[in-house]
Amino acid sequence: MFSEDQLLMRSTAREFAQRELAQRAEKIEKEGIDNELRSKLASAGFLGAMLPSKYGGSDLDRTSFMLVLQEISKYSPTTALFVLLQHSLVGRTLIRDLSLAESYVQDIVSGKTSWTLPLFQRNLKLDGGRIRGEIPYLPLPRADFLVSYADPKTLVVIKGGVTEVRAHHSLGFRGLGLSHVSVDSVAEKLSQVEVDPTPKVLDEASLEVAAIALGMAQASLERAMDYSKSRRAFNSLLAEFQPLAFQLLEYDAQIKALERFIYSIKDNESLEAGEAKLLSIDLAKRMSRISLQVHGGYGYFEYTGVEKFYRDSAALEAMVSDQVGEKVKLSVLLLGVEPKI
Amino acid sequence: MFSEDQLLMRSTAREFAQRELAQRAEKIEKEGIDNELRSKLASAGFLGAMLPSKYGGSDLDRTSFMLVLQEISKYSPTTALFVLLQHSLVGRTLIRDLSLAESYVQDIVSGKTSWTLPLFQRNLKLDGGRIRGEIPYLPLPRADFLVSYADPKTLVVIKGGVTEVRAHHSLGFRGLGLSHVSVDSVAEKLSQVEVDPTPKVLDEASLEVAAIALGMAQASLERAMDYSKSRRAFNSLLAEFQPLAFQLLEYDAQIKALERFIYSIKDNESLEAGEAKLLSIDLAKRMSRISLQVHGGYGYFEYTGVEKFYRDSAALEAMVSDQVGEKVKLSVLLLGVEPKI
Amino acid sequence: MSLIPENLDELRGKAREFALREFTEEKIRKYEEEEKYPEEIRRKAFEAGFLDMSNPWGMLVAMEEFCRVDPGLGISALSAAFGSEVIMLFGSDYLKKKYLEPVLKGEKISGFAVTEPSAGSDVAGIRSRLERRGKGYVLNGEKIFITNGTVANHFYVLARSSPPPSPEKRHHGMTMVVVESSWPGFEAEQMKGKLGMRATSTAHLKFRDVEVPEENVIGEEGKGFYYVMTFFDISRIHVATQALGIAQGALDMFTEYIINNGLNNRETYQFALADMATRVHAARLLTYDAADRLFKFAPDPVKTSMAKYFAGETAVYVTDLALKYTGMQGVTSKLEKFYRDAKIEEIWEGTNEVEKLVISRMLLKKR
Amino acid sequence: MSLIPENLDELRGKAREFALREFTEEKIRKYEEEEKYPEEIRRKAFEAGFLDMSNPWGMLVAMEEFCRVDPGLGISALSAAFGSEVIMLFGSDYLKKKYLEPVLKGEKISGFAVTEPSAGSDVAGIRSRLERRGKGYVLNGEKIFITNGTVANHFYVLARSSPPPSPEKRHHGMTMVVVESSWPGFEAEQMKGKLGMRATSTAHLKFRDVEVPEENVIGEEGKGFYYVMTFFDISRIHVATQALGIAQGALDMFTEYIINNGLNNRETYQFALADMATRVHAARLLTYDAADRLFKFAPDPVKTSMAKYFAGETAVYVTDLALKYTGMQGVTSKLEKFYRDAKIEEIWEGTNEVEKLVISRMLLKKR
């Protein structure tokens, strides 16, 4: 299923996650992704994963990038989503007009400065040299730079002048510090390219999101299996109880089938990519619920490290899709009939 | 995913199914598989699909055979299971001692005579030259020849002397006429090979069974989609209702994922093969229930051609697995811990 | 504070005894295989007093206990008066005397004909036409999936008597009439090959220029849709009860299987049993709660639709799970019939989908 | 024939009013963020008369209405007497006077300490030891996940007082005692970082050579397991009620969302609403049915476990579905808290898995 290069990338990512994230995951949720971790992610080549090497990128194919996200997600979905957001910045946003942004791209990929962009693009108002407005859902609100659209044609880089109006009580990805902010700053224009007026940054990354969700589902399953083989109740190991063993078996099958599906899809804009994303988020939600349940009372506490998958998978569902709109779009591809709104 | 040869085989099977089975499927359920259809299946090379050509077989790889079963199953699960049973006869049972059975194999593969074997092997009593006993679940009870074990070491061919004690009120695969029979006949011994004393003929055919179930799930989905695009209610096409469209979308995704999974598995004895079988039967059951529901009152009638998938998928579940025993076996492979019985 | 009157235990016991005695394995299979209406059993059930519309709780409990033993025979035995509530509530004295009385005396059988080939749960979409001719009317159209279709002496038929005033008011202009099966132009063709419930009669009805006298109009002209919806608020409780009986019957069989095979201490079976029993108990409470409201003349359509939807789903869920864990034994036993019978409970008298729309529309309207 | 006494509407209204007034958005978030027991709110609820153990229906309805507004504050406000039923049923007059009375007067808080690090739902597997020393006892051991753990003045503690006579009789030889938190050797450490219910106090308790006077034994020595199981048959109804309140609260929020966003006619939302409302109604009937039996002194453990299991699952189901269809609005609103709070209902006071075993074992025993 994977090439040797891809397998190598996966094991690199796996080692990175075990070494850098396994112990730090809880801290990341509380304190965010600090400069040190950002530097390490950059050094490992994850921040510019799919970017050409001339811009400091790792020149990975999408499959390799997905494998990286999947492995990181098993320990820290927040870090995986952070990597994907950085990739959206350089790979989908700034890269549209590299002549203007090349130096910025290098900064991001090298981890030198911290960057963010709104989860759902909304136009800010450009007024002379200043830019003003509100952004309801901004991850990493304290980043050095913010990239946003001023209007459908104009991308701007904003440094400073971002004020947190309200930190959202965040269900998931707490390390990203999702906030409602107001902006009042000097703007630097970056492009004059016509784009979708309300792009959601994760809309074009169905497969990458699917890989993150898959990583959550796998980690939830692995932890449930490990725990069930060490925890005793009623004179037996949990794993010796048929209903539990059979449930883990069923989910192992579903996860394997999903993994084959996700990595067989070539086109990120296809019906299949959308389906894979919805399927994997749903599976991550269900599997994490089971994993938490297997852990009993312990599962309800952060320090056990499984409840975050329960929160993050539900949060991911909201962050990457408005459910109805996306499903309508995919239904048209499947049925050739437009569902009523 | 498939080679050119495999794709060719699939389209051959698809054409065969559309030509020979689409119109005949209801009749098969009522009257069984007649000599004419058996001959046609033989001519198409399906009865000795994986057998070497020197025995009259088609020398197909397993993937090709699975594709054949999947396509046939879309129109007539009964015929698909018939083909698989014939294959179990020649490929798994008689072939163990071909020196003795070669002429029989040729008869089966060519469709010249009709053959059967018990769904679950039970030993009959060999007493001098005669063989006696009961077989609780025998498909095709009126076949010319019956192959069974006399004891764990002795395979016998029985011609005549099979009396139907009771035709089971069959939930599914009605064309196979599953019956409880008593045997009192002359026995021809075929082998002296030590074998599993209670082999279930479909136990070693997880992937083939998965392909049959996948075919049922796909056919159920396709018919639901077709119907939803032509039937109107409350001033709209059914397909225009979001809950229905979204449900079809979800199942399309599950079916695609399952298909990738099934055809990625190499070893029929592996954990994955068992998982794929269980997953696909479950999906066939759920999908056929939805398809029936989409068809409303019409779906409840045989002539609409969807209720059979609802029956057959549930029957298949019982015929190919005792649920608990098989899941225990697979759980051991997954968890390395034996669940309590 | 129990949901069901406590003096019903005796009637319940009587109903169960009747069903166990009359619904023999042999008869169950015979009527199933011949796809025949069990007139003999209907008569016995009537003579034993189970068709007593003056005792609604009694009829409910009988339906539950009958379906628990065999759904097909059970429904046929108790549905000879199908549709009667429409006459009781909206019919003239003349219609009551002429059509309802003989049914309640067990002499005749009635049917309720609404569904059409082109309009399943979408009642307002029907195309049958009732046109004035002289002092009476002429009826043309087709009805499909009609219970008692080949055995009923008369039907309560919905037809369009005037065009809808607007697309949003499609349910206006519909009228109900009583049509006798002996009248010229009436034709009933049995629909064979059902997945289950084969001991119930299901027919395709055709009306070709059937003359209907004016006095056979039920209630007021143009109010037919309203009468049908009112009827559904009653009949859905009976359907919920059928589904409840089916689910309970499958649970009974599964419990027997566990005990007979010494599986009492096996968690797989314990979990399955607990899941089934919990849902059956919930379905029972929902059904009795809705019935309690109806029988106190305060029906709550939301609760009725909830009961019908949940009980139907439960019947399918329980028969499926029971089948799954009883393997070849289950698949070749009476359980397989329950599995097939159960599925119609998610479809007839309003599909699950229609029930959900009823529930949410009325909930949102209340706000 | 309604399941719940009809004179509770006023109390229900009062409870809802109290919760809406006292459980402000600000307070909800404050206690959640600080992971602090809301002593101020507990006191107000007591003063308003909601902790009235002589009116069990009233307490149930108050719990439902409180949790509907905020589960964490609601539970803390009403659980100050946690475990009291054990003293009421099995305690001596001395224990009632010394420990129960001040709790019922709102002066003190009690806790119930059974679960241990190595034994979650498997009560018979606990390892705390109660050993005779002189005229009294000495207690050693640990308890985990103990509600009110950092705020209770005393605990009803289960410990092993003699070794099990055989592996099958592990539940023999256990004794319940009252232990005060001020006694030497007692230690409580708050367990922070819960997924939800952060306004409830949850602690890890340690007992190191804690001296327990003889008169603090509840009931008879060796019968502790039985007392705990009896308590669960009561407390599970309260837990089912918590879950019911959570589910209803999430349903309220989802309904508001539909109306505020003009989605009334959109089938996706209608279907989701119908699914949720049906389950909530079923959970309510199951809970009230079990409560009705208990309050008539005829508790049915099967029905109690069914209510607890179904209601817990419903709370998770409804919060999940509501979240799914309210997107970023939902995820950043109070609904996300309900989603987190709900999950514990499938775990505490007996996991879903344990409830299923209880249900099926007792069902099979009856046969």
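Which chain is which? They are A, B, C and D, in the order written, and residues in each are numbered from 1.
Following the convention adopted for this analysis, a residue touches a chain if its C-beta (ideal position, glycine included) is under 8 Å from a C-beta of that chain, and two chains touch if they have at least 3 such contacts.
If you're wondering where the values come from, they're calculated on a predicted model, not measured in any experiment.
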- line: Taking each chain's centre as the mean of its CA atoms, the one lying farthest from the centre of chain B is chain D
B-C or A-C, whichever has more C-beta pairs in contact: B-C
- prompt: If you average the CA atoms of chain A and of chain D, how many Å lie between those two points?
  reply: 37
Message: Suppose each chain is reduced to the average of its Cα coordinates; what separation in Å results between chain B and chain D?
response: 51
Message: Touching at least two other chains at once: which residues of chain C meet that condition?
response: 266-268, 271, 353
Message: Two-or-more-chain contact residues of chain B, please, as numbers and ranges.
response: 241-243, 246, 324, 340
Field: Partner chain C, residues of chain D touching it in the complex
entry: 1-5, 255, 258-259, 264, 267, 269-271, 273-275, 277-278, 281-282, 285-286, 289, 292, 296, 302-303, 306, 309-310, 353, 355-357, 359-361, 363-364, 367
Task: Quick one: which bits of chain A touch chain D in the complex? Just the residue numbers, please.
output: 119-120, 136-137, 168-172, 178, 232-235, 241, 243-244, 285, 289, 292-293, 296-303, 307, 310-311, 314-315, 317-319, 322-324, 340-341
Message: Which residues of chain A touch chain B once you look at their complex with the stated criterion?
response: 1, 225, 228-229, 236-237, 239-242, 245-246, 248-250, 252-254, 256-258, 260-261, 264, 272, 275-276, 278-279, 324, 327-328, 330-331, 334-340
Message: Can you tell me which positions in chain D touch chain A when the two form their complex?
response: 29, 115, 118-122, 124-125, 144-145, 167, 170, 191, 193-196, 266-268, 316, 320, 323-325, 327-328, 330-332, 336-337, 339-340, 343-344, 346-348, 351-353
- request: Would you pull the chain C residues touching chain A in the complex into a rising list?
  value: 266-268, 271
